[in-house]
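There are structures below to look over.
Both complexes below contain chain A, partnered by chain B and then by chain C.
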Partner chain A sequence: MSNHDEIALMAHLMRRAGFGADRDQLERLVAQGYEETVEQLVDPPADVPRADIDELFRYMPSLASGGPDTTPGAANWLYHMVNTQRPLEEKMALFWHHVFATGNSKVDNDNHLIAQIDMWRDHGMGNYRDLLVMLAQNPAMIYWLDNHENHKRAPNENWGRELLELFSLGVGHYTEKDVFECARAFTGWTIGPKMPRVPNHRFFFQYEFRPEEHDYGQKEFLGHRGNFDGFDIIDIILEQPACPRFIVRHLYNFFVADETQVPAWNIEPPRDPEAIEELAGVFVDSGFELKPVLRTLFNSDFFKEAMFQKVRSPIETVVGTLRMTGDLQGVQRELPQVSQASAHMGQSLHNPPSVEGWQTGRDWINSGAVVGRINFVADRVSNTELPGVRRIVERVAASNGQQMTADQLVDQCVDLVGPLDVSEQTRLELISHATEEGPLSWAGDDNWSRSSERVGEMLALIAATTEYQFG
Partner chain B sequence: MLTKSVAGRTWHFSHSIGHFVGPEGFTHSTPIASTRDGVLYVADTGLSEYAGSATGGALGSVIRRRRITDEFLAEMGRGEVIWPEGLALCQDGNVWCTDAYQHFVVGYDREGNEVGRWGEFGSGEGQFNRPSGIAFDADDTAFVVDSLNHRVQRYTKDGQYLGSWGSEGSEEGQLSQPWGMTIDQEGAVFIADWRNDRVQKFAPDGEFLVRFGSRFDDVDDGGALNRPADVAVDSEGDVYVVDWGNNRVQIYYPDGDIICGLYGDARVFSKSAQAVMDVNADYMRAFNRVTPLELINLGKFDRPRGIAIDGQDRIAVTDGARGRVQVYVKDHDYVIPQFNA
Partner chain C sequence: MTTSSKDPVLVVIQLSGGNDYMNSVVPYADGHYHDARQGGLRIGADEVLKIDDEFGLHPTMGPLKELYDQGDMALIHGVGYPNSPRSHFRSMDIWHTCEPNKVGTEGWAGRAIRDLDPAGENPVTGVYIGQGLPRSLVVSGVPVASVADLSTYGLLTSIEQEQQRDKMLGRFVNMYGRAIGTGAVREYLGRTGLDALKGADILKEGLGRYSSEVEYGTEQISRNLRDIATIHCADLGTRLFYTQLIGFDTHANQQPVFEKLWTDLSRAISDFWDDLRAHNADDNVVMFLFTEFGRRVRDNGSGSDHGAGGGCFVIGPNVRGGMHGEFPSINPKDLDQGDLVPNHDFRGVYSTLLEDWLRLDAVPIVDGQFEKLSFVDPLVGAA
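Showing the complex of A and B:
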């Protein structure tokens, strides 16, 4: 494999398992080796730090909690994603936020969404059974799917239905009777009363099991009969062959290549059935541990061959751009404002549109969202004061002596923002623009200054190409 | 405990001030300073980081002056300070505030008129990188914690640079992103050494004297600190440290040994909070459903941030995330009641 191909593959890994990496980091990682890098992403050493949350709360205490407004929580999470050195933890938190979608539009107490995301950050690469138990006992989820109204004599089926349909098996692998029996098993899994928020700010809900509300009677669920409670239901779900296939298809859709939308999964076969079977086998053999599955996925040929087969989500676009350009590093006053950029592109953190999560893939792109997306990236990559852009400029300047043709400018920029795989037509259009002002010169301060600006302009143009929207 | 007697000393919880709502209430109360007769200056970061523009700045950072008995007097600095990190009073009664966002120190008189401003971003003499704690000695020399430069700078109150000491590290006498500070009656300087989870006491020239907090000890004697935010000293020399990460205030003997901790006891509403409850029956009904046991949670500190002690040893602690100030009193004449002996 050539060095260029190794860089391209490492860039692919870092875009998917993280939020991208600049060329200096890619070169270091290539020297370290692909499999070793996968290992560090999946199982980072204890001394590799997350973003420093104490530092955030020291200077911006209002971002520690939220009420009806999701801005503090979104800013809090953006800070984590931009500053962490454990990017796969944040990616897995995003993954579970999409699969176990919970929205503050109903919860109306964003403290609990912040706490839920913290939970995915801590445990998102752990054991799937543990995650289901945590989810079933999570106050935000209980309120979101009405399990606090799931009583012995009046079972509410919302949580039970979504547990089967969206969180574990998928449509077609259970009956209405199973939904009802599942709901009965989770009666009494509720939240206790909390201190009123006025006048001393918000207090937390706590999970509470109320025996008097729980239905201890016999249930029939997915062919089993017994006095099941929620734990038993989760164990029976894990015995179903559909369960591992459903979850690893989500992982494939999130990390490898865009699938059809989830509601169609019971009629549309997977894009790569062999990959799903391989991952599902690892998932079951490991006792539903996530790390072995992720390790297998990132080291697989089907992953390595899937470059640019996913449309970047809005938050991937935002965080990837901030990390590439070096913008918004550390605690910055602009965090809340910038945290809303992905919402303007169609992905409002802490507020998925429904319990189904977001429609992904090409559904991220529409006429409104694409303008916001291009403007956000272009504003930053054209700012040659930002440290990451400055490093790109320096690499471009050092690549070909003091003179540079339009072709060379385009090829260098396309390489350094990816390497990006652009069509010949796109390349010619970029060259056409670059040719208007003739060759570049890096000799002397004035020439350097103008050539730097032209690099920034070219990066902004690349951000507007179709190819750049894929990651 | 509403009354705590330890080692011949007694503290009573007195009352709380402020609440989360209303124009005179706090949202996120941060540093605090007190005159000897109990006039408090309390900074509040508000919600300006995300709600300021929507509210025309009404929820932005501000400094409020009020009596320790919960009487609002005035406000200052609205729209001028952004990240208030430290407050201190000098002899003429002016209050000085450090702004970690704008990297300067700004002073106001009692009416809120600006009386001076100094500092700029940098690491040279007279420059700051996120200035934090501030205190004046008996001669009105200002000591300013220069947090991300990991040092303490000295100035005249007019902003003339006098010198600095300190370096980054965890060795004795070194600092790591320090936060609050105070100066005792003897002129000793106490620094909340934030990232090192300790408080250090220095002579005015920077000579290390005593350490508070047990992170570097083999055995935890109960005096551990987790990201200490501020420090104060009472009239008898006992040292109070706001243990931000552990949601408590730790009290130490002057030599560094632990005495006890305060955890927050504001189970009764402040005057202003009660006024809100009195006119809103729904709020009151909601509280009537809370069990006495759960009410204990109402009183606990949640990210306590600053501390100030007046001439009568009334101890005011800003209870950051609860939007209030909790006031304790050290009782010098306490006798255990006979029936309780």
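Showing the complex of A and C:
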């Protein structure tokens, strides 16, 4: 593999398993080796730090909690994503937020969303059975899907249904009777204390099991008969062949390539059925551990061959840009404001549009979002004061001696923001643009200054290409 | 599609946070009102701007009272839907998607824009003034221009030299125009990008054509309505405008907050209509104000909590001024958990606007048939 291909592959891994990496870091990682890098992402050593959350709360204590407004919680998470050195942890937290979509639109107590995301950060690469139990006992989820209204005498099916439809099996792998029996098994899995909310204060809910509300009767669920409770239900779910396939298809959709939208999955076959079978096998063999599946996924050929097969999500666009340009590093008072940028592009953290999560892929694109996303990136990559942009300029300047042709400028810039895979037509268009102002010189301060400005402009134009919207 | 300045236009103003309808249109003659409102929220009979023996507008609404007296403002009482969840986001979702029983993802205004311009010929058929896009305007494949500030709107705005930026946008058009044949998603992206840029160009051109004698206020809502007037007067074919004013969630300290909101809003609306009249561009416009819910009947000492039934305002020369529908009883025995019980489904209000004003079939847009009220006359002479 050529050095360019190795860098491109490493950049692909870091975009998917993280939020991208700058060229210095990519070179270090290539020297370290691909499989070793996968290993560090999947199983980071204890001394590799997360973002320093104590530092954040010392200066911006308001970002530790939230009520009806999701901005503090989204800013808190943005800080994690921009500053962590364990990026796959954040990506997996985001993954579970997509799959186990819970919205503060209804929970109306963002403390619980913050706590839920913290939980995915801590356990998101652990065991899927453990995650389902945590989810079933998570106050935000219980409130979001009304399980506190699920009583022995009056079962509420909301949680029972979504557990099967969206969190484990997918449509078509259970009957309405199974939904009802599932709901019965989770009666009494509730929250307390039920204190009224007032505008500026919310009480913290805790998970409670109330035996007097639990239905201890016999149930029939997915062909099994017994006096099941929620734990039994989860165990029976895990025996269904549909379960591992459904979850690894989510992983494929999130990390490898855009699938059709989830509601169509029982009609449309997977984009790569063999990949799904392979991952599902690993998932079952490991007893539903996430790490072996992720390791297999990132080391597979189908992953390595899937460069730019996904539309970048709004939050990937925002965090990737901030990390590439070195903007908003550490504790910054703009965190709350910037945390809403992805919301303006259609992805409001802590507030997925419904329990089905966000529709991804082409559905990220609309005319308002396109302007927002291109401008967000272009504003930053054209700002040559930002440390990450300065490093790119220095690399461009050092690449070809003191004089540089338009072709060289374009190829360098396309390389350093990716390497990006641009079509020949796009490349010629970029070159035509660069050619209008002739060759670049880096000799002397004036030339340097004008040339670095031209690099910034070229980066902005590249950020506006259709190719750049894929990651 | 051909559009003329005589096509009907709808301007939607979303009052976010839950406007206290009962303190906007005050049932000042009802003793129950005075019992319920004690904590500084009560508007006395000597303070309201009386519109009849029972009701009066809030004292800050002087400019709106003038519109009302001219017969250009309709008040629609008792609007809501059953089982109000009393949550802002959920309630707003319901208003946006017309889906009170499940979580919907498509917006009613987006569907209306699609039906107004089925082939998607004009990327500024629908224009939102604000950040992002409310869900009411989101329908996959329907372009809606989302404009935070018209004077700085556009792509690649960080490139300060205009000539340079124009050159880059020329490249953008070339690149996006060539996305055909590169796969479904890139083609769609290519088209969306071109729509966005075309929309920005059209709007920018419109900006150049507009000048006004009316001096708007400096508040955000004034600037937003000025942007809407600019685009409308430039005759760019926009049929549906949408903007919002936030801050109506007045749990505490309601009095000064509410007064400022309605002072600003009344002035902005009044300036807007003056401006349109001066441009002879008012006769094909209807303005519609809604909020996600009304507030609790009994105040909480300094503010009011989330309620259920609310009300809407509709303004314009084609509006049948006056009061429509029935103001729900505020007798405590008639309340539902302390809230007004709505008696007119919000989807009926939309249906009236969609069918009687925009001449669209409302049923597929609001997903059903709902009772309409006759608060607007069709545009005379329209195609």
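We adopt the following convention: the second predicted complex is superposed on the first by the 461 of 471 C-alpha atoms of A that agree within 3 Å, B and C clash if a C-alpha of one lies under 4 Å from a C-alpha of the other, contacts with A are read in each partner's own complex, and residues count from 1 in each chain.
What we mean here is this: a residue touches a chain if its C-beta (ideal position, glycine included) is under 8 Å from a C-beta of that chain, and two chains touch if they have at least 3 such contacts.
For clarity, every value in this text was computed on a predicted model and none was experimentally measured.
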Task: chain C versus chain B, contacts on chain A by residue - done: C
Open item on the list: Taking the superposition on A as described, I'd like to know which of chain B and chain C A:A75 touches: first, second, both or neither.
Closed with: first
TODO: Once the structures are superposed on A, label A:R333 by its partner contacts, choosing first (chain B), second (chain C), both or neither.
DONE: first
- [ ] Mind working out whether A:G388 is in touch with chain B, chain C, both or neither, as first, second, both or neither?
- [x] neither
- [ ] Would you check which partner chain A:S62 touches, where first means chain B only, second means chain C only, and both and neither mean what they say?
- [x] first
- [ ] Report for A:F203: first if it touches chain B alone, second if chain C alone, otherwise both or neither.
- [x] first
Open item on the list: Between chain B and chain C, whom does A:G124 touch in the aligned arrangement: first, second, both, or neither?
Closed with: neither
Open item on the list: Just checking: does A:R362 make contact with chain B only, chain C only, both, or neither of them? Give me first, second, both or neither.
Closed with: second
Open item on the list: Contacts for A:M345 in the overlay, against chain B (first) and chain C (second): which applies, first, second, both or neither?
Closed with: second
TODO: Could you tell me if A:G471 is touching chain B, chain C, both of them or neither one (first, second, both, neither)?
DONE: neither
Task: chain C-contacting residues of chain A that also contact chain B - done: 198-200
Task: In the complex, chain B residues that touch chain A - done: 19-21, 25, 27-28, 30, 45-51, 82-83, 100-101, 130, 179, 194, 227, 229, 245, 266, 269-270, 272-273, 276-277, 280, 283, 286-287, 289-290, 294-295, 297-298, 302-303, 305, 320-324
Task: chain C to chain A touching residues, read off their complex - done: 85, 87-90, 93, 103, 105, 123, 128, 131-133, 135, 138, 140, 142-146, 154-159, 164, 167-168, 171-172, 174-176, 178-179, 182, 184-186, 188-190, 192-193, 195-196, 199-200, 249, 251-252, 303, 305
Task: chain B-touching residues of chain A, taken from the complex the two chains share - done: 54, 57-65, 69, 71-72, 75, 193, 195-201, 203, 333, 335-337
Task: Footprint of chain C on chain A - complex, ascending - done: 68, 103-106, 108, 198-200, 258, 311, 340, 343-346, 351, 353-356, 359, 361-363, 365-372, 374-375, 378-379, 382-383, 423, 425-426, 429-430, 432-433, 436, 457, 460-461, 464-466, 469
